[in-house]
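Below you'll find the structure I mean.
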Amino acid sequence: MPVSLVPSQQELLRIAPEIILALAGTLIMVLAPFSRRRTDNRFGYISLGALLAAGAAALAADQHRGTAFHLMIEVDGFATFFRMLVLGVGLLTALVSFAYLRREQAEPGEYYALLLYSVAGQSLMAAANELIMIFIGLEISSISSYILAGYLREDLRSTEAALKYFLLGSFATAFLLYGVAWIYGMTGSTHLSEIRAALTVAAPAPSELLVAVAAAMLFAGLAFKVSAWPFQVWAPDVYQGAPAPVAAFLSAGPKAAAFAVFLRVFLTAFEPAASRWAAFVWWSALVSMTLGNLAALVQSNIKRLLAYSSIAHAGYVLVALTAHSEAGASAAMFYLAAYALMNVGAFAMVAHFSRRGERYVEVDDFAGLAVTQPAAAALFAVFLLSLIGVPPTAGFFAKFYVFKAALDADLTGLTVLGLLNSALGAYYYLRILVVMYMREPGEAAAAAPSLPASMKATLWICAVGTMLLGVWPTLILGFADRAAAMVR
Amino acid sequence: MNAVPLSWYLILSAVLFSLGVAGFLIRRNIITVFMSIELMLNAVNLSFVAFSYQFRQADGHIFSFFVMVVAAAEAAVGLAIILALVRTRRTLEVDEVSLLKF
Amino acid sequence: MLHLWLIPAFPLAGFLVNGLLGRRASKAFVNAVGVGSVVLSFLWVLKTLAALGPLETPHVERYFTWIESGDLRIGFDLVADRLSAVMMLVVTGVGLLIHVYSIGYMAHEGGYYRFFAYLNLFMFFMLVLVMAANFLLLFVGWEGVGLCSYLLIGFWFLKKSAADAGKKAFIVNRIGDFGFSLAIYLVVVHFGTLDFDAVFSAVASRPVDSGAGLLAVIGLLLLVGATGKSAQVPLYVWLPDAMEGPTPVSALIHAATMVTAGVYMTARCAPIYLHAPLAMEAVAWVGAITAFFAATIGLAQHDIKKVFAYSTISQLGYMFLGAGAGAFSAGIYHLVTHAFFKALLFLGAGSVIHALGGEQDLRKMGGLRKHTPVTFWTLLCAAVAIAGVPPFSGFHSKDAILLAAHHHSPVLYWIGVITAALTAFYVFRAIFLAFFGDYRGDPHHHPHESPPVMTVPLALLALLSLAGGYFPVPAWLAPMFPASEQGHDVLLVAISVVAGLAGIAAAWWFYVARPGLADRVAARLGVFYRLVYNKYFVDEIYAAAVVRPVVEGSDRLAWRGMDVGVIDGMVNGVAARAQRAGAVLRQIQSGNVRSYAAWVLFGAVLVIVAFGFWGGWQ
Amino acid sequence: MDAVLFLVFALIAVTCAANLVVQTHPITSALSLIGVMGSLAVLYLLLGGEFIAAVQVIVYAGAIMVLFVFVIMLLNAGAERPAGRSFVARYLGVPVLVIFLGLLSYVIQSRLPASEAVRFGEFQGGAPAEVGRLLFTRYVLPFEVTSVLILVAILGAIVLGRKEL
Amino acid sequence: MTLLNLCLALPALGFLLILAIPGHNHRAIRATALAVSLLVFGLSLGLAVRFDAAWPGYQFVTDVPWIPSPAIRYHVGIDGLSLWLVVLSTLLTPVGVLVSWRYIDRRVKEFYALLILMESGLIGVFVALDLFLFYVFWEVSLIPMYFLIGVWGHERRIYAAVKFFLFTMAGSVLMLAAIIYLYTQAATFDYPAILSLMAAGRLRFSPLEETLLFVGFFLAFAIKVPLFPLHTWLPDAHVEAPTAGSVILASVMLKMGTYGLLRFCLPLFPEASREHAPWIAVLAIVGIIYGALVAMVQPNMKKLVAYSSVSHLGFVVLGIFSFTRLGLDGAVYQMLNHGISTGALFVLVGFLYERRHSLEIADYGGVATPAPNLAAAFMITTLASIGLPVLNNFVGEYLVLQGTAQVNFRWTVFAAIGIILSACYMLWLYQRAFFGEARPEVRAHVSDLNPREWAAILPLIVLMVWMGTATRTFLPAIGAANARILEQTQQNVEFHVHRLAPTSGASAEVLRAR
């Protein structure tokens, strides 16, 4: 067959966001050695620009949907949704990092470059339609996040987080790969649609058990990335140790991208075998929620608390996945978007409040913040309430859609347990609110610096977004609905 | 007795994978732990190549090629992380890297 | 329209004016409003009754719908019939005298305006009670007078005993009201209305309840209400304590009017009782037992007001006895005469207390005949009336009751006779102790006669006590109740009169002729005397059997046990368990990478098993 | 012949891998790993993977492992101290690992088409030409994208390896 | 129709307005809060005036789409049931503002902002006709209260606030589950639409489904009411809350639960409601007696009043689950009554606290001497609370018990015991606090009511008398709404009526005649 090595313009357009990000990353990387000023924000601006441009490109690509590069990439509504989501997370993370890097005296150049690369990897994952492509996207995203987690290399916690993340991440990746190998062995393909076809129409059909084991290994690899039970162990340590903006990024970006893959793989490729995996996802969802919430109850470090809560939230998204329906997919998408807004907001607040060297990261340090900085406290409160799932915030609608999808799929028991879980989860978020609003200001809150402009911008964007989605969820939901319809 | 069943390769792969896992579980030197991961990746590669034989396709080879690239990248980054860690902690004992817990 | 509503409205207006403005107003103003409103009310009663004439049929006036829900409509309706006419006259008439008396009695008390406001409010509710044309409105008055009783008993609220007594009165009454209200609910459930005429005509069309049927239940529940308000066994305990209130209050509320509400209500519900012999029987026996029981306690009291209080309870028992024996008109008759002589007894007692500067203990009185002659003579009038000495008022009404009782059951008659003797004894005991012999009180205090504003009402009441028996109450009421044929048995009359006279004689013997004998007899009687002296320890028994268990139980079992212990314990337990679970779960997060890897591996195996061997095998 | 070759190199691979696991000194482990890689390269050849066998030796055993050895030397890593502290890894991990291996073996043995047998030389699609063709047609995007991965790796090494702060 | 929307929107605007005022300008903040709340009250009176009591359906309806998928509508409207509850909310908010005037002296801006915001949520709960919208308002009203208790409360405020939040949250998530499930069956959240689907027989639930859904709704409401044994959050919340918080909590927030029972539980799940009525009624009665008994032994005034609320609300629940017109009317009336009289009690207790800085009854005694007007106001409120005729509570209690008597006389007997007990605890409280010789510290600190305090308490006292006598102002509208609700619960549940009927045949007769 005659093949052209030169990709068409359309194909290039369909990967334009990744190209832009990679180029911008490289540009920063090249420029970085020429600027050794720690307070340099230029790279930040470059990356903001790149992210915005990539967003525009993603939207442009959405106008020309279709596959590219031999079915490696498929630009559809789903891909665009997640691309925009991870780009948005990248944008917010970049904004949070402005002040943070300056404060921590860390070099901004490589940081932003890594961030852009990581986002590029996630963006690829969102659009990838083939396991190898997914794998490479995942690795780009992961390896850059390993480094980002250890970016404060003088900091014991940061390096430890990086090491743990790296070792366990690679460990899980090995499982993922093993699964890919087996899938390839069963179906002769790594392309999602072909796998699906092989599972449904191929004769002789591959052994169910083998497929199941392969799917299980894939599940292990992906569940690790989204920190769902029973692969959640790494998350608390890494979130706690990583620099706060990075933790914000980890909890939203890679997670969203991994979920995108999760949805694609399990709702397209393995959809025919749903009877095999749905039962376990049910348990995974339930245990993730419960375990995350219970363990969060007893945390005193706010980053660690948010990490456990992130496990719980992964559980909620898995509830949507358990439903394995279109509604479930769109609910999961909405949830991830909402979660990104509120969780990045919350971590941003932590990043700002913690001061140099992240000294103030205990929940109790926030005592009386509402007195000394009412506006900041109110913004934080919005995020926390949204994390609880109180209307009219995005978090509420996110939970609502998830559980609606679950009920549509007759998952009554899981719904009830999930909702009870969200009541349980309310407790530890409330504790932060309590400390912030109902205690007298402590040393940390009394000396809290005022919000720098970039931080203010992040917090306001997140808060307004959270509230906006809480009042007009359709802003995103319609998008998600249409996108979800196309996953299959 | 000339032909080896494909499943032997796969079982070998599984055994090597498991040994890699065992290394991760048992070894305490961070570098050795890391090498165990490399062992696991190698085991996966064996599977890829074996399956590739089954389909008489070269795709599996491509995959293992990519795996090697990834392994290389991981090695570079991983060793850099280990270097950074050792610089601050002066230890290679993985058990001593447990500041963050509970 | 005769504007019946004005009758209660005047005192209500008086209450509002005095209540809102009285604190800053002069005493004269307060008097004018307080007494004037009752005068107006009394006059309006007279005018109304004159206009209504013989009242062959009840005159009902309907004003507005008070409560309407579904098919149930309860109006603010007032009725004037022969029964309520009697009551209106008694209430406004005696009430007026007592108001006037109060001007003198309360002259030196603080909260003067408050006192008159409360009295006016009481008049309002009492009039609503007697004029109500349906059960619920009657209940309004019923509760309202209870409230005023509470407020007035506790008038001197700085005194703990007064506040306690008020509270006790209210709560014990509430227990009675509990029964009354249940009766109301049953009436509505079964008759669909609360209007007297509709209910009673429906009752009339039913067969007589032979056993414990619906009407009997209603009747008994009403009786529970009546025992509360009219201080009958077993709910009489509040009335003696109620003497903590100012004496005019005792006279008006706890002798003449409010406490008779139960009798009035029983008479009002005569159609029900007549269809429920069981309930009738209960009424009679409750009355008889109370009459005797209270009389015995009255024998040994030293507080002059307490003596009269037990006397009131006893006399109310008489009225119930009459009603229960079927002689409703006799009961009401006695109610009227009792209003005269018991009000007089209390006001006289008040005059004595006033004369002695607040002393109420009979043992510290004596020889007051000389110091307070008007009081003495008027009190004596009351005493002969209550003792049933012919031809004074008590004789007539008591006889009517005893005759009916005998007709009903001779046992009841004999109880009545013995009670009559006891009554004569303790009343004259009080008179003799107070007015005869030598003054035993504080020698530095010089007793003085009360001012005319107090003595004039006394005199008027004395007149009524003596001649009140000639009001043709039974005849007037006869059309209201089925005639109970009572042959006028001279022997029975004679026996009761003799009993009364014997009581007087005994009292004279013990307290005038042979002073000191009483104490010796008391000492001889020992246990029995102590029992009576301590009022049979009923209050103590109630406290130990009801009050303390309830309070302690609520505290220990309900609050600290159930609420704090069990429920909150469970809630906190769940919370603690969740915390503990969290604390256990976090242990997984040991911080050790190798164990994390073990968990990941464990998870992978779990997933493989789940996907491979569990999911699809069904 | 095939069987003998397979068995010999499989045995070497397993032995070396086991040695990696039991040795306490990282250098010994590294050398064992190189042994595993070498024998795997032979097995690749048996499976028709000429290109991949070569890459295995050159890149993996040659480059990556050298990096490892270099770092071990750099850090002057000595033998592990005894007394490991992970209870979970030993008493949960090891038994579970046995189950894991048992499961996989069972699944492979029972479900995989048993007829398939590997004969050396029967499949020759793994020659560099074929691999290269695939790499630049069908897998061109992943191939290009790996460049980003390499960039990330470089960047990471720079960031983390840089000494001054 | 714009009137109702204004009632909803104005407080929200007021919230923003107050946020815009500089935090140190306390006077302006208070004035704004008062003005806004009075304005809203005025508007709600407009609602009451223009309300057509004869028309049983919803009035002032606004129905516009909010979210297309799933179809969630901004559908609001009021009937006789919600009308007075809305007015109650708008009345008590200015009262809350007035009683906080001096009481709240720190973080004034936030306090008033939250208070006014809460009003919006409360009104929303009572007017929402879309289940989803209802849930949103339900939750929205929760947050400000949480802060009011937690920030401006007393010593154990945090415990109380968290307990309050978690109890309510635990209930409401179950309700959310039920609401969503309902949606999956009915494909709409629109409440009237769901009812008409049910009436047309196009929406049916199996008994199990219905029971589970019922329980989902019921638990949420029962916690809010609170029904024994889910009541333990209430005493803590009340004791720790600032006066305004207690007032709003007791007067309005608890009514959200009973309102929900009546508005949603009964019509949506008529069979389940009837089937479970017996044990719910028993719980209500246990609550009545138990609440009263526990109230009796409380050493803390607010706790006493809080437990008395448990007792009073028991009557409401009992009335609702009597399924009689009288019971329902009484229950609704009792909601309003409790709002007024218990609200007033909390206001007065708040006044005492402002003077003496203690809630322990033992720290008072003889207050009547230095503060006769306060004592008089407290007395009237006490009397209203214990159900004295011509004051408001009597009417409600009477109707409830009368309605209950039509169904099961034994319930009435036990419930009526609560009325005896109410006199015990309230009068005992009154005696201990107000009677007796005034102690020196009482004399030193306690003064009589000032004009601001009069302004807060007088309207409530006037209402107590008004509602006790002129019931026709309120009852027709309530009755019309209840008749409709009762009708909705009677579809295809005839046979249950007989099963519930009392032992004596006569009352069944009466019931059938109705």
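Some notes on this structure:
Per-chain residue numbering starts at 1, and chain names A, B, C, D and E are given in the order in which the chains are listed.
The criterion applied here is as follows: a residue touches a chain if its C-beta (ideal position, glycine included) is under 8 Å from a C-beta of that chain, and two chains touch if they have at least 3 such contacts.
Quick caveat, the model's predicted, so the values are computed rather than measured.
Number of steps on the shortest path from subunit A to subunit E, with steps defined by chain touch: 1. For the pair subunit A and subunit B, chains touching both partners: C, D.
Counting C-beta pairs in contact, the chain pair with the largest number is B-D.
Chain centres were defined as the mean of their Cα atoms; on that basis the chain farthest from subunit D turns out to be C. Taking each chain's centre as the mean of its C-alpha atoms, the one that lies farthest from the centre of subunit B is C.
Put simply, the chain nearest the middle, going by average C-alpha positions, is E.
Rounded to whole angstrom units, the spacing between the C-alpha centres of subunit C and subunit D is 101. The geometric centre of subunit A is 77 Å away from that of subunit C, both derived from CA atoms. Subunit B and subunit E, compared by their mean Cα positions, are separated by 65 Å. Averaged C-alpha coordinates put the centre of subunit A at 30 Å from the centre of subunit D. Multi-chain contact residues of subunit D (touching two or more other chains) are listed as 84-86, 89, 93, 97, 100, 103-104, 107, 112, 139, 142, 146, 149, 152-153, 156, 159-160.
With touch defined as above, residues shared between interfaces to two or more other chains in subunit A number as follows: 132, 136, 139, 143, 146-147, 150, 153-154, 162-164, 167, 171, 209, 213, 236-237, 427.
The set of subunit C residues that touch two or more partner chains comprises 586, 589-594, 597-599, 601-602, 604, 608, 612. Every pair of chains meeting the contact definition is listed here: A-B, A-C, A-D, A-E, B-C, B-D, C-D, C-E.
Across the complex, subunit A meets subunit C through its residues 163-164, 167-168, 171-172, 175, 208-209, 212-213, 215-217, 219-220, 223-224, 229-231, 233-234, 236-237, 273, 275-280, 283, 291, 294-299, 424, 427.
Of all residues in subunit C, only 590, 592, 594-595, 597-599, 601-602, 604-605, 608-609, 612 touch subunit D in the complex they form.
For subunit C in complex with subunit E, the residues that touch the partner chain are 23, 64-72, 136, 139-140, 143-144, 147, 150, 154, 157-158, 160, 163-164, 167, 170-171, 174-175, 177-178, 181-182, 184-186, 188-190, 192, 214, 550-551, 553-555, 558-559, 562-563, 567-568, 571.
Interface residues of subunit A, counted against subunit B in their complex, comprise 132, 135-136, 139, 143, 146-147, 150, 153-157, 159-164, 166-167, 170-171, 173-174, 177-178, 180-182, 184-185, 188-190, 236-237, 240-241, 304. On the subunit C side of its complex with subunit A, the touching residues are 575, 578-579, 581-583, 585-586, 588-589, 591, 593, 596-597, 599-600, 602-604, 606-608, 610-616, 618.
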